[in-house]
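Take a look at the structure below.
Labels A, B, C, D, E and F are assigned to the chains in the order they are written; within every chain, residues are numbered from 1.
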Amino acid sequence: MSKIVYVTRRERFNAAHKLWHEEWSAEKNLEVFGKCSNPNWHGHNYELFVTIKGPINEETGFCMDLKVLSTIIKSKVTDVIDHRNLNLDIPWMAGIKTSTENLAVVIWERIEQEIKEAGCQLHCVKLYETENNFVEYYGGE
Amino acid sequence: MSKIVYVTRRERFNAAHKLWHEEWSAEKNLEVFGKCSNPNWHGHNYELFVTIKGPINEETGFCMDLKVLSTIIKSKVTDVIDHRNLNLDIPWMAGIKTSTENLAVVIWERIEQEIKEAGCQLHCVKLYETENNFVEYYGGE
Amino acid sequence: MSKIVYVTRRERFNAAHKLWHEEWSAEKNLEVFGKCSNPNWHGHNYELFVTIKGPINEETGFCMDLKVLSTIIKSKVTDVIDHRNLNLDIPWMAGIKTSTENLAVVIWERIEQEIKEAGCQLHCVKLYETENNFVEYYGGE
Amino acid sequence: MSKIVYVTRRERFNAAHKLWHEEWSAEKNLEVFGKCSNPNWHGHNYELFVTIKGPINEETGFCMDLKVLSTIIKSKVTDVIDHRNLNLDIPWMAGIKTSTENLAVVIWERIEQEIKEAGCQLHCVKLYETENNFVEYYGGE
Amino acid sequence: MSKIVYVTRRERFNAAHKLWHEEWSAEKNLEVFGKCSNPNWHGHNYELFVTIKGPINEETGFCMDLKVLSTIIKSKVTDVIDHRNLNLDIPWMAGIKTSTENLAVVIWERIEQEIKEAGCQLHCVKLYETENNFVEYYGGE
Amino acid sequence: MSKIVYVTRRERFNAAHKLWHEEWSAEKNLEVFGKCSNPNWHGHNYELFVTIKGPINEETGFCMDLKVLSTIIKSKVTDVIDHRNLNLDIPWMAGIKTSTENLAVVIWERIEQEIKEAGCQLHCVKLYETENNFVEYYGGE
């Protein structure tokens, strides 16, 4: 079979962050970001679902070996940001507000190329901040 | 970044309903709707996922403030129908069979305009009736 | 092995109910029961966990055949109350307020004897009304 | 209303399988498939989500009666493969590697026609192998 | 009925913290606490289950009104620590290592008296740090 | 604080098995074990919750380092049986029916001593076979 399927791998990380605009006053930050602007940080158990797309390899029955996909996600993303502060500890988040929206986009950019080199196409990055809130990014503008 | 992302908010409500066609006999209702036609009602813990779509605001890192989205969903939908009877208590369900399909469509119509006014676009209403059954509506005919 | 173990079976049912004291005014009912007193009912997806206790049968490796336990729960409880109105349709709830507390106790009384006849001992009835609220009853006063 | 909606039904099955290429050595199988190549099998609690698409029937409020959809899925798929060995016991998996990818495609082919005859269109087969891994197939090449 | 039942309410909070012993070197902290000692914090979506125990009130069918229990938990615990830094922002955590174990004990001490005044008895504080780790405290030494 | 708390760690494994009594006919096995007696095996995603009990260490805030507990569970249990056949591949299950009840007891016996040597006390082994069925063992006869 050479049917096109979508394969998803879940990885998790726990991180601290705050939503804060450097050029705004504390009052303005509180007004816009609410309790997410707490100066001393808060944090989340993030759940990350990465979906790739591609044909099924006839010999293996795989679209992409999930051990490989897991290794890409861990080495490029979750091992780097797990138990870290997203605002302070992550060079590739410098200058970017650590909203779930921006995180999803940046995670896409971190893994897109390696997935392509593994012969597949990144389809979606889905990131849960809480059980009530999540963001999906499918690439592009 | 002005990337387009999809942002989802979950809200919940608990309601009574029955599936019942007024012009059918009790037997016909039972035949078509099975135990969902119990005259004295039954009920569910509904889980509602509302997904909006839009560019990321560079200043906030948000597509749409989830507090605003939550407020729209609550004021237009879940605060109105929570702990209610969908067939008897909700004027905007009058004359509409209270299937999960119809509920999803009506919920879309209730919130589409306010989300547009908040600068975003409603993308999907996903409604779980049980852990085994859910409906998605993406607008349009 | 004749070790004592605890075995749990989950069953589910969807029902309508309201919390209502017949001798109170509508205002008093609203004051005490809040939105749970809505005259036209509301409803839930209840999750029921029944735990039995007993030695492991050496021949089967079972404490109690879960098909038997499931059949007892269904025939005595969930098939009877699923898609029903707990206040109106269930003879053995007549005169009993349909709180999760009372439901758990009544369910215990409905299944205790049959489980004993099957050679085991009922240990706990755990009943979820929502993902945020549940009740456990271990028998006795 | 004749709006187009997507309706999903979840069914589950528990099965044994292994990933194994008959023409490869045990070493090669281990290298490619890792612990999934254990000669004596391993197994999973699979979760299957079948999504169909269609207009809402005005008389019933249904896109497709979920009892009918459930019956199709059970009779064609889950009753056949539940508590079975996917490599040994299922004629229609003969010669096909029992990856989640291939399973999703084969399940699609097993149910597409009956869903069409019921007046709806199969939209997606989503199959969870574990809480961390799942596959989606939307038909076509 | 005056049967004794156990009633549980779930509340949630998202907080930052680190595990850190002030009198140890950074190396010793890293050795003992691993990645939980990251100087710039990390965080979690905590899930808190509070279980109370008591007889069922015959008039209400309640052991304890869950709105009251929820209000106690929120006012004494979750509203105070949600979106905060457990090490820096919470006076009643000062000098106490912010392990899940200690948090569970401190939460017990924060709510025990008010639950007693509401006529019930606190039975268990169960606190999830992640989906894989949780702590239960039943009071006492 | 030297309060006694209960700490739980979840680990998972995927295994094949069948319920089969060697001295019974195939018919008798089918009669007693139903579809669980399928000769070619079936399998599950097992979820294992191990709960230990002990005082909180004042220096660390830990009852027992969860990395240590996780390592014990993995090395003695889940790494050994993950992606294996419980009837064929596991020496310490030889001659024992692979029911969830027996598995829970055997897992207890595999880890009790190492947990004691780590200074804590094993309190409960809880094993989910499916989302509907689980067993708890607290030690002893």
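We take it that a residue touches a chain if its C-beta (ideal position, glycine included) is under 8 Å from a C-beta of that chain, and two chains touch if they have at least 3 such contacts.
Small disclaimer: the values here were computed from a predicted structure and weren't measured.
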{"item": "Neighbouring chains shared between chain A and chain F, ordered by label", "value": "D, E"}
{"item": "Most remote chain, CA-based centroid, reference being chain E", "value": "D"}
{"item": "Length of the line joining the C-alpha centres of chain A and chain C, rounded to whole Å", "value": "42"}
{"item": "Centre-to-centre distance between chain B and chain A (centres being mean Cα positions), rounded to whole Å", "value": "28"}
{"item": "Shared-contact residues (touching 2 or more other chains) in chain E", "value": "131"}
{"item": "Chain contact topology (line, ring, star, complete or other)", "value": "other"}
{"item": "Which pairs of chains touch, using the document's own definition", "value": "A-B, A-D, A-E, B-C, B-D, C-E, C-F, D-F, E-F"}
{"item": "Sites on chain E touched by chain A in the complex", "value": "12, 14-17, 35-36, 38, 40-45, 82-85, 88-89, 130-131"}
{"item": "Chain F partner contacts - residues on chain C that touch it in the complex", "value": "1-11, 51, 56, 59-63, 66-67"}
{"item": "Interface residues, chain E side, partner chain F - complex", "value": "19, 21, 32-34, 96-102, 104-105, 131-138, 140-141"}
